[in-house]
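Paired with chain B in one complex and with chain C in the other, chain A is shared by the two complexes that follow.
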Partner chain A sequence: MSMELIVALSMGAALFGTGVYGALSQTNLVMIMMGIELILAAALVNLVAFWRYLHPDAMEAQMFLLIVMTVMAVEMAVGFGVAIARFRSRGSVEMEEAQELKG
Partner chain B sequence: MSLQVFFLLVFGGAAVWFGIVVFLTHSMVRSALALLFSQTAIGAMFLVMQAEFLGVLQIMMMATEMSIMAIFMVMFMMDPGGLGEMDMKHQRKTSLAAGLVAFFGALAVAVFADWGPVATDIPDAGEQVRLLGFELLGRSMLIFESAGLTILTAMIAATAVAVQARERKPKP
Partner chain C sequence: MSALFVAIFAPVLASFAVLLLRRHAGIIAVAGAGVAAVASAVLLAQAFSGAAATELILPGLPTYPLRLEASALTSALSMMVATVALFVLIFAVGYMKKDPEKPRFFATMLMFIAAMQMLVLSADWILLLAAWELIGVSSYLLIGFWHGKSGVAGSAMRAFIYTRSADLGLYIAAFLLIGVAGTSDISTSLATSGTAATLAGLLLLVAAMGKSAQVPLNDWLQRAMAGPTPVSALLHSATLVAAGAILLIRVAPMLPPSTLLVVGLVGGVTTVVTGLIALGEKDLKRLLAASTSSQYGLMLLAIGVGAPIVALLHLITHAAIKSGLFMGAGVFQHARGSTLMDDVAGAGRAHKRVFAGFVLAALALAGIPPLAGFFSKDAIIAATLYAPAGAGLLPLALAGTVLTGAYMARAMAQLWRGKGEAAAPSQALRWMGIGMAGPVVLAIILGAGFPALERLLGAEVATSALAAAMGLGAAGLGLVLGWFLPPAHLLGALLPWAQNGFAIAGGMDGLVARPVLALATALNRFETWLFNAVIKLGHASLRLGRASRISDEAGIDRAIFSFARRTVASGERARKLQSGLIHRQLAITIIATGILAAALFAAPLFY
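The block that comes next holds the complex of A and B.
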């Protein structure tokens, strides 16, 4: 078993855990988005590790990585759009003050 | 310990540490900068894993993205400098437990799963870009085009949501 693969996946796991903590613990919309960015970054690390150490000839992995980067960009764009709309209407992006969004 | 493992530990450790700093500091600017350093360290990990094109792409893309994020954070936060040490966390114990479960769960899979034989030979940087180009403009073209279209749709949707609605003048 490759030590390099395990180290890379372990770092991905640590980034994932940090991102989950951040996304759940923060009250500010922008900070929640930062947690989600870390979760997606962990997915990127794992994808590159799988490509490099298991299937270096399969370029689908790199293509998939570009798709995840696209998701990161889309998440930022839509998230900031929602943040601006929220800030204009309520003057704050604190999620503690967004109780009306509860179903 | 091979040189690759050493550098993976260094840059991976830096990425995780700066990721933690994002949620430790009270200053929003520092949070954005910490996330920028974390993403840059991840780009360096890609370079260590010999994915040169993706590593450079990650560093360039995240440098831009995090700079924009820093501007938004300064705009939106009540205390962007963190001088008032406002507490912006809730459900701390649940979040910490969820984070730890996620970490140890993923770590257990990484350590105990049978990943099979490890590849030793990989295409060089130029060959990787050539193969990726053929992949993007060949078999995966539809997916690639869909990603572009998704970004365009998201840009239009985000602008439509963010633009202030004009009040219509009442008809005389």
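The block that comes next holds the complex of A and C.
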């Protein structure tokens, strides 16, 4: 196993940890989404690293990356849509105040 | 529309009319019977003119159409039925004047007449069976007409059950003949010979014995006196009782000599035994009833010696005479309110004209010339005299003739002796008088018509001076004995026995009624057992139902409900996880992912 792969995976792990921390510590919806974006980015970094250093000939991995990126974009669009709607109706996007979905 | 159809359906229509209108019952009934009589007369005239027999085919079973035929024999019988019925109905208009149930009476009488017309005109066993049943049930209804009185329903039931039990013979014989001949046509099936003919003949004899009240099935007829007198007049002369003799007359060509001998013996024994019963009888109507059995015995005797046409002649004569006698008895009953011999003593003096008619009919029955009875009885004795089997039967026939004279003389003596004051004429009496006059006139003049009838039927009837002398002597002897000697002297030690109806081994009650009752009791017990079994079965299934309800409620329902309750409770617990706070959900997700990752990493360690 090459050093580069370990460096890249460590980088992904750092990004993932930052993302998890962000998603859990922030109360603003936008900030939480940024944390989630970081988590997904970490996953992408890992995927790229594995492809580049382990199976550089398998082009399917790139396809998979593109799909994940599309999902990220869609998720952002939905998330920001929810945030805007929430802001319009309640005047804030603080998630501590949003308990309507309690079971 | 042929006269055949009218002869049967005119009484039926009249019967419906009586039932629907419920008034003028007598007039409608007489009109219906009159139309039927005209139709019968047309049929007889056609037969005399030599035209082909009128036929009427009704739709029946596919290969067995129901046929009615007016041949010379059947149209003569039809004429007899229609004539007697007409006069009896005229008589009944007077007799039933005050009865509130008149419509029911006349309607049933008309149905009875229609059924009898159908019986005599049917050329087909199936139709004959149907008609036989119809006259059985109508006679039951008529005998039981005053069913409110005590004992009347029992008499009707007795008549019905006795004749029914004998009818089994007719059923078996008819289906045997249909089976052997392959057709239900009576005249075709008479070509049967051999064992089948003997067997069928004996079975038909049983049926005829039941209907014509021959020994030992004679008891019911006397008890049938419980019905109104017009019923007796009709039943004893031209209808119910005649059916048996008519049946035998029609099948006579088929009967082999051995069967004929049995028929003759049954007839001969009956004529003597029931003659003795009549002589000892204490009731005028019961005397006449026993005399009916006796006369039918003579007819069976004539059939037995191979002279069915002679039997037919005597049947016709007897129909006129006996209906006249019963109507006379009806007048005396009307006057005295009873038919006991002691009660009607002297009633003849009160109603001289009726008594004169009664005497003429009685003398005709005894066989005194020139009355009709002389010719038919003379013919019977002559036929017996010249028949091969006659030697044994002749004494029986002569004894029957003596007894006829004796009991008729006894009845006349009883009606004449004793006190009686002249009765005031009433309208009811006038109707009864007209009704009675007809048969009496017939009883006087019918003898003149016999040669024509014999030619029509194509039969040679033997006559002889010897037979005439013997018959006349026997009749005269009987009349003299009966007039001057009380029955106790004539019968001697036989008297109590005769009054008891010669009830050997309990009589018919012992032979038929008791086994039938025992059977009924056994069936009743069986039915009770069956009933209880069914009830028990019902209880058991109720218990089963209750058990399954309990298991349903306590078992299946409870299991399903507790499952549903637990599902709801677990949902309730799961709700508590749903805080609605997004980061708490996220934290749960991450922790769960962490646990999952830990498990994935740890899993290889365990392999």
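Simple rule for what comes next: the second predicted complex is superposed on the first by the 103 of 103 C-alpha atoms of A that agree within 3 Å, B and C clash if a C-alpha of one lies under 4 Å from a C-alpha of the other, contacts with A are read in each partner's own complex, and residues count from 1 in each chain.
In this text, contacts are C-beta pairs under 8 Å (C-beta built on N, C-alpha and C of every residue); 3 or more make two chains touch, one makes a residue touch a chain.
Since the model is a prediction, treat every value here as computed from it, not as a measurement.
Asks: Quick one: on chain A, after the overlay, do chain B and chain C clash, or do they fit? Just give me the call.
Replies: Chain B/chain C on chain A - fit side by side.
Asks: Report for A:18: first if it touches chain B alone, second if chain C alone, otherwise both or neither.
Replies: first
Asks: For chain A, which side has the bigger count of touched residues, chain B or chain C?
Replies: Of chain B and chain C, B contacts more residues of chain A.
Asks: So, A:32: does it touch chain B (first), chain C (second), both, or neither?
Replies: Touch partner of A:32: chain C, not chain B.
Asks: I'd like to know which partner A:40 touches here: chain B for first, chain C for second, both or neither.
Replies: Touch partners of A:40: none, neither chain B nor chain C.
Asks: Please work out whether A:83 is in contact with chain B alone, chain C alone, both, or neither, and reply first, second, both or neither.
Replies: first
Asks: Contacts for A:100 in the overlay, against chain B (first) and chain C (second): which applies, first, second, both or neither?
Replies: After superposing on A, A:100 lies in contact with chain C but is clear of chain B.
Asks: Look at the superposition and give the distance in whole angstrom between the closest pair of CA atoms, one from chain B and one from chain C.
Replies: In the combined three-chain model, chain B comes within 7 Å of chain C at the C-alpha level.
Asks: Which residues would you name on chain A as touching chain B in one complex and chain C in the other?
Replies: Of chain A, residues 20, 24, 26-27, 29, 96 contact chain B in one complex and chain C in the other.
Asks: Of all residues in chain A, which touch chain B in the complex?
Replies: The touching residues are 1-22, 24-31, 33-35, 37-38, 41-42, 44-45, 48-49, 51-57, 59-60, 62-63, 65-67, 69-70, 72-74, 76-78, 80-85, 87-88, 92-94, 96.
Asks: Which stretch or stretches of chain B touch chain A in the complex?
Replies: Residue positions touching the partner: 1-2, 4-5, 8-9, 12-13, 15-16, 19-20, 22-23, 28, 31-32, 35, 38-39, 42, 45-46, 49-51, 53-54, 57-58, 61, 65, 68-69, 72-73, 76-78, 88-92, 94-96, 98-100, 102-107, 109-111, 115-116, 118-119, 121-123, 128, 131-132, 134-136, 140, 143-144, 147, 150-151, 154-155, 157-162, 164.
Asks: In their complex, what parts of chain A are in touch with chain C?
Replies: Interface residues on chain A, with respect to chain C: 20, 23-24, 26-27, 29, 32, 95-96, 98-103.
Asks: For the complex, which residues does chain C have touching chain A?
Replies: It is residues 574-583, 586-587, 590 of chain C that touch chain A.
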